[in-house]
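Shared between the two complexes below is subunit A, which has subunit B as its partner in the first and subunit C in the second.
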Partner chain A sequence: MIGYVLKRLGLALLVALAVSAIAFFLLRLSGDAATAIAGEGARQEDIELIRKTYGLDRPLVVQYVEWLWQTLRGDFGTSLYFKTPVSALVLDKLPTTIVLGLTSLGFALLVSIPLGVLAAVYANSWIDRLALAIAVVGQALPNFFFALILVMFFSITLRWLPVSGSDSWAHFVMPTIALGYYVAPAFMRLVRAGMIEVLSADYIRTARAKGLPARSVIFKHALRNALVPVVALTAVQLGFLLGGSVVVETIFALDGLGYLAYQSITYKDFPVMQVVVLLLSVLYVLLTLLADVANAWLDPRIRVA
Partner chain B sequence: MGFMRKAVVAGLASTALVSGVLTGVAFAGKSDNTVRFAYDQAPESADPFFNNVRIGVIIGQHVWDTLVYRDPVTNEYKGQLATAWRWIDDRTLEFDLRQGVKFHNGEEFDADDVVYTLNFVAKPENKVVTQQNVSWIEKAEKVDKYKVRVTTKQVFPAAVEYLAGPVVIHPNEYYEKVGPKGQNDKPVGSGPYKVTNYVPGKSITLEKNPDYFRDSPKPAAKIAKVEIRFIPDRQTQMAEAISSGVDLIMGVPKDQADQLKAAPHLQVVSGETMRIVFLQMNTLEGAPSPALKDERVRKAIIHAIDRPTMVKQIVGEGSRVIDTVCFPSQFGCTNDGAVKYDYNPAKAKQLLAEAGYGNGLELDIVAYRERNQTEAVIGYLRAVGIKANLRFLQYAAMRDIIRGNKAMLTHQTWGSFSVNDVSASTPVFFAAGDDDITRDPAVAELLKKGDNSVEPQMRKEAYRKALALIAEKAYAVPMYSLPSYYVAAKDLVFKAYPDELPRFWEMSWK
Partner chain C sequence: MTDTTLSLPEAPEPSPAMKLLRRFLGQKAFVIGTGILAVIVLLALAAPLIAPHDPYLQNLDLRTIPPVWYEKGTWAHPLGTDQLGRDYLSRVVYGARISLLIGVSVVVISGLIGTALGLAAGYFGGRVDLLVTFLVTTRLSMPVILVALAVVAMIGGSLWIVILVLGFLKWDRFAVVMRSATQQVRSLDYVAAAESAGASTTRIVLGEVLPNIAPHLIVVATLEAASAILLEAALSFLGLGVQPPLPSWGLMISEAKAYMFFSFWLIAIPGTALALLIFAINLAGDGLRDVISPEGRA
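Let's look at the complex of A and B:
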């Protein structure tokens, strides 16, 4: 088991390194930072001065190696736009994104598990079809569109919730639904498939034959086993939620990491973009690693493979 | 995605009509004499010298004061922190300063504040972001406690205009102690509002300065509190306005503003801005389209575009057609003596045929904003036989193409940094600078003559001749000024100005 974990850990580090390199070069190719920082109407000499001041005139490889070396030493640089240390900016915004990620995950599980169970218990009935329809709509609707529909309904028509901001719990309700609904279908399908498989297993038949009530059979005996793969998926989806909050945070003006990413892209603030991408990829890789380890722990056959 | 967003906006607007009628509207801002304002960008710093976004200028003008104030209606200069000023020679301005003014931290205003601020921002090593606003300053010297002299590097007649706009005065003791970073963390000025809460990237709260000096040309504020929130998404801003979450938004696209006109609790106000639109034509050696070197082709392009109809149909209320490449209220801007080209597609075709392009001409047009307007231009050009291919880019990328001599036609816009002097507009594109892609030495010389004199009549004459020559040679298509649309709570009393500066100190609730 330890050997397996170490192997996966090494692979995870390589993935993070590759992501950082790809992100670094792609971001640099996306446009000239000096021109963007100088703004409208800047003279060519102003642009050149900025290029030199920020070291953007050096070869890309040199810039990357230096950035990597500094990052490994814990120095994440200074934001070109806000002129403050990137680490302080990121630490300031991270809690909002983590809260949103966790509440969205909670919402997704709350919706998908009962729906998945219902769809499996009443497989191929109208309930199953309805659950499937809800899932398909969740995946098909772009989340910016769904977010604005929510705003229209809850903020404008009913006036129950504030449109944007991050000052109170009420500000997190719509972003949570918008983000959570997008990942719920994956859970729902997994629960449904798991439940259908488990419900046809011998021990369930035995439980039923013993005369146990249906509720006890479904929730106590079947669901526990059907939820095993969901645990692993949860880790992966949390990574997705943390990284996928850019649009939702921007729409709801939630002052989190996603909004910071949006701002840094707008202002070509490379040091911030670079750290946000690195942080999110490391988080994603770590959560995937956690999922792999959990799977291996639960199912010894994976360790061998 | 564009279609979907439009659908949502239409939905938001129609929901607004229904909800406004059914549920009534809570005017939270009105009840506590607060204006809640949303803007799509956050400033990189609250210190006006360290950001180059409009919201930075808006905050700057409320929290700080300038030496001189320009009345936005009459364009007349009035004393603000200075009471009088005079040119001592071509490069030296002398200011008498106002007595009895205090900064928000209690520091008294005097010559030391002006001298420290101007000398600090003039030094390149202090890395002021808005270099174009301060690079003309050589030094500031104290004559006595309430008198200073400012020396310009070259003859710079627009100095007073800059000192009436972006160049604010910091309290010297505080600024020396905390620097730009401290001014961003805890901004201190002498303006009609003081900062009481600031969360960078999220919001800034201004409260009325009760000790603001009575003789200021900015009238005493009526609104007690201004809450500014940075909301990047336009649809979210609209939803906030519809649900009365904010009282004022600006820069709303015309089609969306039109839809909100029907909402009973909102008002839509449009006003002209100083941003002008024009098409530049590259006539440089080695340019990708030699056809544009032919004056007849350039004139055909101007005749082909129906500017009055564009203004009426797609640009919107508040906009006006311009005949020279400058904003009409700017000192030195005139169309006196400039050739006016009417909309005449037949003449355009004839000119093209004379130039040897009777069978058609293909050109690229680069653009970076108001895509629908560029597309209308392309339609007009197609009607006379010019096939224009749109290259829609980010501003920085477009500028690289222009400066790299790879552009043919460009759809340019220019806001002059709200400086009401031609030196901030026409010379940028025609005085042999980085963005000049016609480089006519006669035009450049006339513009430089206008820039380098403090004699008003001489300046006006030089600019007039330069603008007339640009028109005669058809180096550009002057199009129109752009309007800006504001959406506000119905009961908010406010006025839109061409410098796009909402003046909270003038606003009130009905």
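Let's look at the complex of A and C:
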């Protein structure tokens, strides 16, 4: 087990390093930082001066190593647009995104596990069809379009929820539904397929033959095993959630990392952009690492591979 | 469902092609999915014939006319007009071309990259496999939409930039699926036979392995096309994808956003078109997977 964890940890570190290099070079190569700092309509001399002062005239590799070193020490630089330290900015927004990630993951699981179980237990019934319909629609609806439909319904027609902002829990309701529904179909399909497979297993037949009540068979014996692959999927879906949060937070002006990412991109705020890309990626690396370790713990067969 | 066999009552043994066709037609999901998809493709191809007006022609006197099923609708503009007075039906039909072009081109680029990586990893194993796994893990850890947004913001948005950026970002699933499919095929007898016959590696990979994993490739391609179309729509919606005045469905939703309170159909029509296209592709892809996977074979 320890060997497996160490191997996985090594890979995670390598990936994080590669991501940092990509985040740095991709953004530097696709645009000129000095021009971005100088702003529109700046004179050529000013751009040259900025290039000198910020050290942007040195070789890219040197700049990268320096940036990485500073980032590792927690010095993320200063935002060009907000004029505040990037670290403060990021720390300020991170909780919002974590809360949104957890609530939408919770929403997705809350919808998909019961529906998946029901769909499996009553396979081919109307409830199975309904679950399938919900999943199919969820996969086909663009999340930004769904978000706008939610706004029309909850904010305009019913006047229950605020359109945008992030001041109260009410501001989180629609983003949670929009983001949660985006990742729910995959969970639902997995739970349903897993339950159908498990329910036909010998030990379930034994449990039933012993005369155990159906509820105990389904929840205690079957669901527990059907949920093992869900742990692995959760990691992958968290990646989708992080990506989706950029779109959803922007639509609802929810002040998290996703919205900050969008703002920094539109303002060409290099220091913020690099750190946000790096942070969201490292977050994903960490989460998959955790999920893999949890999986290996749940299913000893994985450790050998 | 057995109607198809009536025309050849006493056929001793249907040809393999017939069997395959029947297996496809037995899949309701596949038939419906490809049916809708075929209609959308036809609409896109015949756009100049169907569109009643020039999709770019603005007429500020005819702004936000509702579709015909509203009281104030008119047959001159069956789906109404947008906030600049452009005919909405024409824009939606031309928009289908953009979505389909994105889906196909992105899948061609990412499919080539991903298949090459997956084949190499699965066939050679060892260090090559480790390297590819590392590349895939790295790629997966960076949210596509975030990287695409950043790159498009830096070099400027256009249809071809979006296609290239998405093409170079979305090869991960191709690589993963092709890798495991190749690993399975690699240990089979016919590969060993080709090896002992002295066939070159290129020939074995392209001639023996690739044709046998092609069905998986097609399934991944359909699902990835759907996801590419959704990503383009999201990028264009955020203003960092296809640029105006092109009638990208995502961009149409974005441009009409400010008017949705009074003219909800302005976002509902392109949104529904987008959802219908994705629904059709997903359905066709799922049906395809059921037909191809061994469990789906009757």
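Convention: the second predicted complex is superposed on the first by the 296 of 305 C-alpha atoms of A that agree within 3 Å, B and C clash if a C-alpha of one lies under 4 Å from a C-alpha of the other, contacts with A are read in each partner's own complex, and residues count from 1 in each chain.
Rule of thumb we're sticking to: a residue touches a chain if its C-beta (ideal position, glycine included) is under 8 Å from a C-beta of that chain, and two chains touch if they have at least 3 such contacts.
Only a predicted model underlies this, so the values are computations on that prediction, with no experimental measurement involved.
Within the superposed three-chain model, A:Y259 lies in touch with subunit B and out of touch with subunit C [touch as defined at top]. Residue contacts after overlaying the shared chain place A:L14 against subunit C, while subunit B stays out of touching range.
Residue contacts after overlaying the shared chain place A:M152 against subunit B and subunit C alike.
Judged by the touch definition given at the top, the superposed model places A:T53 against subunit B, while subunit C stays out of reach. Looking at the shared chain after the overlay, A:V228 reaches neither subunit B nor subunit C. Legend: residue contacts after superposition of the two complexes on their common chain; A:L27 is shown touching subunit C, with no touch to subunit B. Contacts of A:P162 after superposition on the shared chain: subunit B is touched, whereas subunit C is not. Of the two partner chains, subunit B and subunit C are each touched by A:P142.
Touch criterion met: A:T35 reaches subunit B, while subunit C stays clear of it.
31, 142, 144-145, 148-149, 152, 156, 250, 262, 266, 268 are the residues of subunit A that lie in the contact sets of both subunit B and subunit C, per the superposition on chain A.
The touching residues of subunit A, counted against subunit C in their complex, run 11, 14-16, 18-19, 22-23, 26-27, 30-31, 136-137, 139-145, 148-149, 152, 156, 236, 239, 242-244, 246-247, 250, 261-262, 265-266, 268, 273, 276-277, 280-282, 284-285, 288.
Within the complex formed with subunit B, the residues of subunit A that make contact are 31-32, 35-36, 39-44, 46, 49, 53, 81-84, 142, 144-145, 148-149, 151-152, 155-157, 159, 162-166, 250-253, 255, 259-260, 262-263, 266-268. If you check the complex, the residues on subunit C that touch subunit A are 134, 137-138, 140-147, 149-151, 153-155, 230, 233-234, 237-240, 250, 253, 257, 260-261, 264, 267, 271, 274-276, 278-279, 282-283. Listed in rising order, the residues of subunit B touching subunit A in the complex are 1, 4-5, 8, 11-12, 15-16, 18-19, 23, 41-42, 44-45, 50, 52, 124, 127, 129, 131-132, 181, 199-202, 229-233, 235-236, 239-240, 242-243, 245, 394-397, 399-400, 403, 414-415, 417, 428, 433-434.
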